[in-house]
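Listed next: structures, encoded as structure tokens.
Look at the two complexes coming up: subunit A is in both, with subunit B in one and subunit C in the other.
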Partner chain A sequence: MSSNPFPLSRDELLRAYRTMRTIRDFEERLHFEFAKGDIPGFVHLYAGEEACATGIMMHLTDIDRIASTHRGHGHCIAKGVDVHEMMAEIYGKATGSCRGKGGSMHIADLSKGMMGANGILGAGAPLICGAALASKFRGDHGVGVTFFGDGAANQGTVLESMNLAAVWNLPVLFVVENNGYAEATSVEYATAVDSYVDRASGFGMPGVTVDGTDFFAVYEAAGEIIRRAREGGGPALLECSVTRFYGHFEGDAQTYKAKGENEFNRANRDCLKIFRARVCDAELASERDFALIDVEVAALIDAAVSSAKDAPLPHARELLTDVYVSY
Partner chain B sequence: MPLKVGVIANPVSGRDIRRVIAQANSLQVADRANMLLRALAGLAACGVAEAVMMPERGGVAGHVLRHLAQSANRGEARFPRLSFLEMPVTGTVDDSRLAARKLAGEGVAAIIVLGGDGTHRAVAAECGATPIAGISTGTNNAFPEYREPTVTGFATGLAASGAVPKDVAIAANKWLKVCIEGAPSEIALVDVAVVTEQNLGARALWRADTFRELYVTFADPQVIGMSAIAGLVEPVGRDEAGGLMLRLAPAGAAATIVRAPIAPGLVEPIGVEDWRRLPAGRAFTPALAAGSIALDGERELSFGPRRKVSIELVENAFATINVAAVMRYAAAKGLLREGRLACA
Partner chain C sequence: MTRKISFKTAINEALDLEMTRDPNVILLGEDIVGGSGAPGEADAWGGVLGVTKGLYAKHGGRLLDTPLSESAYVGAAIGAAACGMRPVAELMFIDFMGVCFDQIFNQAAKFRYMFGGKAKTPVVIRAMVGAGFRAAAQHSQMLTPLFTHIPGLKVVCPSNAYEAKGLLIQAIRDDDPVIFCEHKNLYGLECEVPEESYAIPFGEANIAREGKDVTIVSYGLTVNRALEAAERLARKDRVEAEVIDLRTLSPIDWDTVLESVESTGRLVVVDEANPRCSLASDVAAYVAQHAFGALKAAPQMVTAPHTPTPFSPSLEDLYVPSTDAIVAAVGKTIARAKAA
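So, the complex of A and B:
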């Protein structure tokens, strides 16, 4: 075996791959299952963007909080939310992460520092400022990471939160997952700057753009930014350019995409393929190692889907539990 | 044929990790557009009637077009006519490469480049004998000199129109050719660094203890980046024959330490084992068995026992507009003056 060219051990590399593969399989399976009509509500798939969530979350522990988006399954899985509970939640079952009352866009698990997917664009940013402020007061060195898309990045809440994080020097990482589209609107049409890094500069915080399909680029940049925030260096923005393999939501005909765009991205910008080729090339793992993980993950997703389907719906008397908080 | 100058403006330079690990600036799209407009105004003032630009979707072109329309509405004639190359936009460095080839093919008198070392490298590799007038918008920028773009536009116009003779206006430049297994793979305009990190990661270089070898085309103690190390050891001019090569080591393990600004605001102690002049035309192989090669400060290629690299200095590799020489000549010959000049 050759020396390790990566900043991660073989075990960590395989863990990163397992996370990315779990997200990919979870989403591909949902794509298939959703078409059958058993899943209530909308689902937005994260397939194609796995390296972004994974490269960032590898630097976090349960004390660190994240605030996710409507496209949140990948963030949940990478943050360690239980895959069975997630699947059950998406099916609206009593065994789900939120007892089946949230669905895809409200999966949350506070024990894992996952503050929730969010159906409201840009709503995660103020939430994470609160979490980061709490960490700062407690002095626990926790950081907050908020994800938002290229479209949501134009929401006032995001910009206000960036200002607040800057003036209060909060340990926050603002992550723009730029997949080129907000629903059917292209980023070039809808955003007045060429890079979201310009937005960060406006608030006096550093911003970095990386190729979000390159796990190692995300991992290294996120590592520096998160370490800086933990040490009291303040907030920063990370823009990851990614691709979305499926439609905006399941059922989207994607007429706004160029002919062959999805095929091109799957062939040339698949973060899992890129990761696998690099690690195999360095002889740190073999195709067999990856294939074994693939089999294991496929079994996990199978089991999650069948147990979600078998699980009971929440009881009507549960309708108001866990919904309101009394102070 | 009206006098035509090409323009390649990279909309996305200057967004890398050096903003986090150091204090590199981040030039916004409106600033880039303004810089380009200033260069265009300089060109027009010297009689350049037409500029042809690389299309992009990053927003620089949009800002520029809005300004040009506003200026035209007000009846001004401060800018050349601007048109765009017909080519697909991928949003990657390939656009700069293709645009450079097309502009050279169209026979433009010069190409104004807005971007960092990476953009300049892409253009230099493809533009043949067409001279480059570089404007720095990137991060480390050892290659393009810091200068007001109006002046760069001015000098480019004077050179393009033939008002300043070629032997004054055009400078020859060196580059470093990097081969993999003997086949040419990449070039660097300023420096090639050999580092122990095999992972390309976020690409920039800042962990000084990983630096092992450095090859430079020129070594200026006033620049920033890897070549600053060489510049602080033994300055070598852009127009001098040969370059410089240095063996580096972790600061704790070397007899000589050089404190060099390897990124904006980041001054690091660098261990230097030895150095020597780098002759042109000879290929050198790094002593390190495996690692990565950084071109002009960014990790671009990894190498190992099964993927051997070599580095060679090439002279007269590409041409640039010598802005300082053009402006001196213009002043001496009174090219931008009218009427008699009285000296009190």
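So, the complex of A and C:
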């Protein structure tokens, strides 16, 4: 075996791949199951953006907290939320992460530092400032990461939070997942600057743009700014250019995209394919290693879907529980 | 031991006692220290009306002046609460809620339910409410009904210094998000307040005055007007009004209200908020539904009109429910009862 050109061990590389594969299969399967009409409500898929969540979350532990978006399944999986519970939640079942009361847009697991997917664009940014403030008061060296898209980057909450994090020197990483579309509106149309890094400069914090389909680029850039934040260096912004293989929501006909755009991205900008090729080229893992993980993950997703389908619905009394701690 | 202190001092004492008791209590707000980073005194203001004055000297960095960014710092208080702190955010005027409402009603209020009971968000958001300060339409509102409408929030509005201290201590210890409404025209009002710490439980109304002829339900500043009206009615008309101070609007103590109306048969609700979908309409509807048989007359509502708060003192004095209006409303319930 040749020398390792990557900053990760073989085991870590395979773990990263397993996470990305799990996200991809989870989302592809939801696309399929949603089309059958079995899944209630709104579902926004993360397929195509896996390297971003994974490359960042590889640097975090349970003391670090993240605030996610409406497109949150990938962040949940990469942060260690149980896949069976997530699937059951999306099916609205009693065994779900939130006992069927949150759904796809509100999956949370505070014990894993996952402060919730969020149905309100940009709403996670103030919340993660609070999480980082709590870490600062506690002195636990935890960092906070808030994800938002190129669209939500234009929300006042995000901009206010960038200023707040900067003036309070909070350990916060602002991650723009720029997939080119705010729902159906292009980033060129809706955002006045060419790069979100310009916004970071405006708030006196460092910013960097990386190719979000390149796991290693994300991993290295995130590692540096997370380390800096953990050591008291303050907030930073990371813009990941990613692709969204599906529409804004399931059922979106995507007629605003160019003809052949999805096919091109799947052929040329698939972060899993790119990762696999680079690791195989470096001879740190073989196609067989990856194929074995593919089989394991496929079985995991199969099991998650069938157990979610078989799981009981919430009891009617759950309608009225957990509004308050006490009332 | 008790002594006379103002409503403002009572709030300050409650914050001080809880900060001393629990290191997780932190305060965030615009100018709550007042002067951070400026060349003069470090804690020049202690809040825009001086409510937090002196706390910085005792608790230092646990008081954080914020940028003028309500969404960011109210959201940060909520996020920190979800991570185990007990933040008290000061919004200055409740009218500023419009710029950070999402963090309150879509985030703080819903975490526990949306996350299947796995979250706790013990945050207090303090804000000044109410008219009579010549502060015009954007600094004078009584927006309590906006918050009572939302499941997941608790809403508190004390009527005097004693109530303010005990209710704020309870709010800080409470594990749910609390909107704590302080009537700015009560800040200078003094009453006997114990020096020691005490908590007034939520959802327990206070019978501020006992009476057998009519029930007057109110909260906040207008409790004091209701008491004035009750004294006048007793003196001039030999009508004994029972005055109920709700203290907390969510949860609300329906039992005390119903019990009183069942004994008096007459209800007047006094609410400084605008009339539509207000506490006044809420209480009137609840009583009509649950104690219809006991009513000797139609419930009366005394509220602000369905207008913004005017600036000119001559108009503003007409806006806030007056003692005269309360007396007149009681008169209507009695006249109708007699007519029947």
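Points to keep in mind about this one:
Going forward, the second predicted complex is superposed on the first by the 323 of 327 C-alpha atoms of A that agree within 3 Å, B and C clash if a C-alpha of one lies under 4 Å from a C-alpha of the other, contacts with A are read in each partner's own complex, and residues count from 1 in each chain.
Just so we're on the same page, a residue touches a chain if its C-beta (ideal position, glycine included) is under 8 Å from a C-beta of that chain, and two chains touch if they have at least 3 such contacts.
Every value quoted in this text rests on a predicted model; they were computed, and no experiment measured them.
Within the superposed three-chain model, A:Asp252 lies out of touch with both subunit B and subunit C [touch as defined at top]. With both structures placed on the common chain, the touch criterion links A:Arg228 to subunit B but leaves subunit C unconnected.
In the superposition on chain A, A:Ala236 contacts subunit B only, with no contact to subunit C. Among subunit B and subunit C, the chain that touches a larger number of residues in subunit A is C. Judged by the touch definition given at the top, the superposed model places A:Ala108 against subunit C, while subunit B stays out of reach. Once both structures are placed on chain A, no subunit A residue is touched by subunit B and, in the other complex, by subunit C.
Interface residues of subunit A facing subunit B in the complex, by the touch rule stated above, are 2-3, 5-7, 188, 192-195, 197-198, 200-201, 206-210, 216-217, 219-221, 224-225, 228, 236, 239, 282. Taken together, the subunit C residues at the contact with subunit A in this complex read 24, 26, 62, 64, 66-67, 69, 71-85, 87, 102-103, 106-107, 111-120, 151-152, 154, 174-176, 203, 251. If you check the complex, the residues on subunit A that touch subunit C are 65, 67, 96-102, 106, 108-111, 115-116, 118-120, 123, 125-131, 133-135, 137-138, 156-157, 160-161, 163-164, 167-168, 321-327. Contacts from subunit B toward subunit A in the complex involve residues 11-12, 15-17, 19-21, 26, 28-29, 57-60, 197-203, 290, 292, 302, 304.
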